[in-house]
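Sharing a structure with you now.
Each chain carries a letter (A, B, C and D) given by its place in the written order, and its residues are counted from 1.
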Amino acid sequence: MKRIRLGMVGGGNDAFIGGVHRIAARIDDRFELLAGALSSTPEKSEASAKALGINRSYGSFTEMANAEAAREDGIEAVSIVTPNHVHAAAAKAFLAKGIHVICDKPLTSTLEDAQSLAQSVADSDALFILTHNYTGYPMIRQARDMVHAGDLGDIRIVQVEYPQDWLTSPAEKEGVKQAEWRTDPKRSGAGGSVGDIGTHAHNLACFVTGLSVEKLAADLQAFGAGRTLDDNAHVLLRFASGARGMLWSSQVAPGNENALKLRVYGSKGGLEWSQEDPNYLWFTPQGEPKRLITRNGAGAGAAASAVSRIPAGHPEGYLEGFATIYNESAEAIRAVQNGTDKATAMGLLPGIQAGLEGMAFISACVSSSAQDAAWVTL
Amino acid sequence: MKRIRLGMVGGGNDAFIGGVHRIAARIDDRFELLAGALSSTPEKSEASAKALGINRSYGSFTEMANAEAAREDGIEAVSIVTPNHVHAAAAKAFLAKGIHVICDKPLTSTLEDAQSLAQSVADSDALFILTHNYTGYPMIRQARDMVHAGDLGDIRIVQVEYPQDWLTSPAEKEGVKQAEWRTDPKRSGAGGSVGDIGTHAHNLACFVTGLSVEKLAADLQAFGAGRTLDDNAHVLLRFASGARGMLWSSQVAPGNENALKLRVYGSKGGLEWSQEDPNYLWFTPQGEPKRLITRNGAGAGAAASAVSRIPAGHPEGYLEGFATIYNESAEAIRAVQNGTDKATAMGLLPGIQAGLEGMAFISACVSSSAQDAAWVTL
Amino acid sequence: MKRIRLGMVGGGNDAFIGGVHRIAARIDDRFELLAGALSSTPEKSEASAKALGINRSYGSFTEMANAEAAREDGIEAVSIVTPNHVHAAAAKAFLAKGIHVICDKPLTSTLEDAQSLAQSVADSDALFILTHNYTGYPMIRQARDMVHAGDLGDIRIVQVEYPQDWLTSPAEKEGVKQAEWRTDPKRSGAGGSVGDIGTHAHNLACFVTGLSVEKLAADLQAFGAGRTLDDNAHVLLRFASGARGMLWSSQVAPGNENALKLRVYGSKGGLEWSQEDPNYLWFTPQGEPKRLITRNGAGAGAAASAVSRIPAGHPEGYLEGFATIYNESAEAIRAVQNGTDKATAMGLLPGIQAGLEGMAFISACVSSSAQDAAWVTL
Amino acid sequence: MKRIRLGMVGGGNDAFIGGVHRIAARIDDRFELLAGALSSTPEKSEASAKALGINRSYGSFTEMANAEAAREDGIEAVSIVTPNHVHAAAAKAFLAKGIHVICDKPLTSTLEDAQSLAQSVADSDALFILTHNYTGYPMIRQARDMVHAGDLGDIRIVQVEYPQDWLTSPAEKEGVKQAEWRTDPKRSGAGGSVGDIGTHAHNLACFVTGLSVEKLAADLQAFGAGRTLDDNAHVLLRFASGARGMLWSSQVAPGNENALKLRVYGSKGGLEWSQEDPNYLWFTPQGEPKRLITRNGAGAGAAASAVSRIPAGHPEGYLEGFATIYNESAEAIRAVQNGTDKATAMGLLPGIQAGLEGMAFISACVSSSAQDAAWVTL
């Protein structure tokens, strides 16, 4: 299959997530990175492009969208890996030209931007994919399949948490660039930890269980001196189905590197998964011994194998999970190009709807916390 | 040292916790079990006493308190291991006679009983010890010492949970005696999982951190058909110090046997401990590798060693932790008999105050949940 | 049931293993410790006895055997917890008087002593029990039952190891009493780590699999400067059945506290167990997910439950496993007193045969190593 | 930096390891796969090439070597991923043309082939890299650095094992292609499990410790009915430095997927690492708590960070470790092209010497086992 011509907005030299997207796009060999508007100035962009061996460097995403759309061999898709507040404008520029968009999360920094972007997605023939990368892990696919197959019975309880420790000390005052924009409401939006990682936790819980959060009550804290955005959040969840849950996100929990963890309990069994050990899924049918299902190992089904590359016991990790989102994006793009309708082509890929739900989650958390943790309907 | 003459109320043949108390009392050889009112009828009591080699069997705790108090060689202390609603009356009978009381938790089934019992404790020269047994684990003592020594800095976040799975199926309708009285408000009080195990979680969090809960917001559920008491509870915590926390108790989480787990995070470091693997304590000083402190091993201090019996690598468990409460009770009783004042003699032992706090916790959870998880001050 | 009158030889104030035996004897309330020859001098013995509340203190085990045998209410059984080289003489003194012997391992310090003791056991009506305590762990019973039931198919491979780290530094030169006699061939016999802990590993492997070692090839090392006894041993095993194995014992492996671990693999499945986490047994039926069987939990059978005291999730440990040996010793003693033959009464208890096999194992290891790891037949 | 023009021999449609090499070559974007002789027939090769988007497909490696060497834009390097017995001839063809060779392990199927290949490597200006991929894991680099820095003191004990379970059942009779050639001496050479995975274990132990095995005594078994090659091996190791070790390789140990594990103990500390959880390294300085060092996390040094791509807590796995070998190969190739001498350019990369040591290891194992596990000098 011919590789998809890809561009990138953001992801210049120092950025973390841009490099991740590039590796993810390469792993399964479905993309070719040909163009970029990688930094905030044309000079920096050019330097970054050169370092990456990208020939077509642009000074801005607008320029890039126009120029690429005009070329015979212009990019078919673009990855948007800027800070949150740029997502909407950049995505719209490409969607307007019929160029497929693969966008980092959360969707935008404001709800207004999100809604406006949603309209652009609806109006475009191009796909919009949001890289909720954790949905690409094989054992998350396995978990989702097991819930849907009824292996857990009726879902009663969802415990999801995403603690980190990198903001325990005041990193934003110590020159850590990531910390600077993550703690800045102008660039990150109204949510701190709830926006950056709480959205991942929320998305993962909904993806695996197939349930949606109806109401939440959130108690947000900013433990770091001088912070205006939350660096820790405690959230009670009520799902529309009657299931209940708790969500914890934190950037100030020493000893937690990137400890996203999901536990789901139903009337017939329970599941537990941890992002830091992603090749394992614990399953306990009530009244039987706990079972350790391994990626591609005995007990793992077709959904997990379909997104695995190597045999059980050979660990796949974060980059492979991310690559699955890219691989499935390639499939979806080719499908749409071949006439499949957008919704069908998307398959399990997270899109604008997941993005809007994430924005609603952030907004509800902030609003609830402002009302002393009152229940807020999403 | 001479062994303390001990009696027991409750703990007849089928009871679980009575047997635990008896083993705990034996392990360190500080008690001699001599008298009992072990069951609800004189005949059953007699049969149980005989099976246990206890000579002095009584038909009721009142009879027992009177008779034993009248003997030269009467019991010095009594263990009360009945269902919750009997605790208060039984304890009062012995306290009134100056006999020390070691009582299972939670304190009582109603707040009124608890307050009335508190008065009796205040009026008596005898000690009242509540077996919040998890405070007896060496690594919990270690954790408490580390928090108090400032190893974690200012405490910011407390995550505590106590999930079990034994009520996932309707055990109370399947002839499981434990399940019958645990799900019966008349015998257990207003709290289901929050009363039975949530109180342990609450007590442990406070014991280790030295903090007290100021307010809580609780969302209680009864997932089991026909249940009136909660079998799952989600609670947001606000500590007086400004620390925040979450507490989860559940009896319907498949795959969780007795999974009490405490995590505490401060401005300088974090601690994690799990009851099912009690000989380990994880400690992460922010910015350094995680350390695994083992009971009596390198890194474990005096507080842990003082309540350990055997070298590191030789696991001690639940019964040993429980035995520590008994061992320290013996110390306290002898101290009081030798003239030490009650408060000093108690040392780290949980007493009436811990019991009242537990009752207040249950009451606040139930009240908050009745108000749709509004904040309730303890 | 009436408690068995018990005496003790060795186990004075400073000794580690004597205290363990006493707790183990108390846990299930089947013994009453009444007499002792606890130390090497009458004065020290008396002091230790007083501290323990034992009234009948003797200056030597000979005196004790004679005196106790002459009393109406003399001891029925004796625990021998001296250094290895005293085991044989002490045990013989009591066996000759018909007093049941519960003896710490390894059996003796020389093969001659062992054989002579075996004769005394054969000649006596009394039982001889060797406290290979690890056979008392519930999950070891479970493992044994599963092997015997054929859950693993034909046993092919046995991996057993027992690393510790306490002799990494020259503890015997730093005043550690345990280290002094453990590294002294006169008091410990020909084996260092192979005698002290290798015998446990060997015993456990044979107990669980039901197989016996036919030949071994051993490479013993003394890494600690000036040591004559091995502090590390690598052993190849050939079982009579055709199964093969490896055994590693070490006292110089930093990070290993008491890390006895057994892994057994057959044509149909595998088992893994670790002493430091004794409530878990991993079982993998070939081609299925790994299962975590927990003590008294789902998947655990009658053999494990029979020697458990408390529910799953409430960890039992080293002392409880040891107590099971005492509890079953009590059963065996009462059975013999009631006319059951010795072999039947012993049940699963390790006895003189296990002791002789342990001595043969030590002897073969030392002999093989002296021949540059040549195969030696046991 | 310009990407290196790469070819591939072997790795057609069904092959496992070819796909791994291709992903590994892509991850860091240092290679471009342009040519291939992917299968044993021109037709199959062509089909595989087409599927992979490779334009230059050849009928044999000889033809490929000649044709590519003759092109201006011919390949600079070739990956050889055929069954073992083809390695030598293929590698020689390219080395003779000055084309750098990246070869799968073990080196060859016979010692003669290995020695002859070694001569070709010596005679060529091109590099020869052997993909002992496990040396590319960041925490293995970390472990090596810690050993070399003296953090463990003098190395005393090396425990290394590599158990798998995929040959527990007779897979070679059930149509599993991998199993067919792995159990066939003609295609795999004299070693079964010792050749396939024992060499990895041997290589890893030597890489991390910097020690070399002087002598070994091996007991090889073929448990699967009808097998001539070992499917399980127990090996005693004596290192030239005086350190001792054990090595276990197995393909018949149910529950072990790919459980390569290395433990190293010295006079001052110990290290433990498991391939299935590769982002963790356990380090115990004697007398201190065990520490969990994480990839790119606190405690991890420059050697580990240099070969990490993403932050701690975002797991990297098998493919990333493999990619590091490719990335460093690219560096080495460019360095040689720029005039650096071959030895310097190789850096930590495994080459012909590691391959010869692996062949000597296999040969010694087979020879020792044939002599009833006598010591054989390497």
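One rule holds in what follows: a contact is a pair of C-beta atoms (placed from the backbone, for glycine too) under 8 Å apart; a residue touches a chain by one contact, two chains touch by 3 or more.
If you want to know which protein each chain is, UniProt gives these names: A, B, C, D = Predicted dehydrogenase.
Since the model is a prediction, treat every value here as computed from it, not as a measurement.
Both copies, chain B (Predicted dehydrogenase) and chain D (Predicted dehydrogenase), contribute mostly matching positions to the interface they share, with over half of the numbers common to the two. Chains compared, chain C (Predicted dehydrogenase) against chain D (Predicted dehydrogenase): the Cα-based superposition rotates one onto the other by 180 degrees, nearest 5. Most remote chain with respect to chain C (Predicted dehydrogenase), judged by CA-atom centres, is A. Mean C-alpha positions place chain A (Predicted dehydrogenase) and chain B (Predicted dehydrogenase) at a centre distance of 43 Å.
With centres taken as mean Cα positions, chain D (Predicted dehydrogenase) sits 55 Å from chain B (Predicted dehydrogenase). Centroid to centroid, with C-alpha atoms defining each point, chain B (Predicted dehydrogenase) and chain C (Predicted dehydrogenase) lie 35 Å apart.
Each of residues 256, 283, 287, 290, 294, 297 in chain D (Predicted dehydrogenase) touches at least two other chains. Taken together, the chain B (Predicted dehydrogenase) residues at the contact with chain C (Predicted dehydrogenase) in this complex read 1-3, 16, 19-20, 22-23, 26-29, 53, 164, 256-259, 275-279, 294, 297, 309-320.
Listing the residues of chain B (Predicted dehydrogenase) that touch chain D (Predicted dehydrogenase) in their complex gives 283, 287-294, 297-299.
Residue ranges on chain C (Predicted dehydrogenase) touching chain D (Predicted dehydrogenase), taken from their complex, read 152, 156-157, 159, 161, 165, 168-169, 217, 219, 221, 223, 232, 234, 236, 238, 244-246, 248, 250, 252-256, 263, 265-270, 272, 282-287, 290, 372-373, 375.
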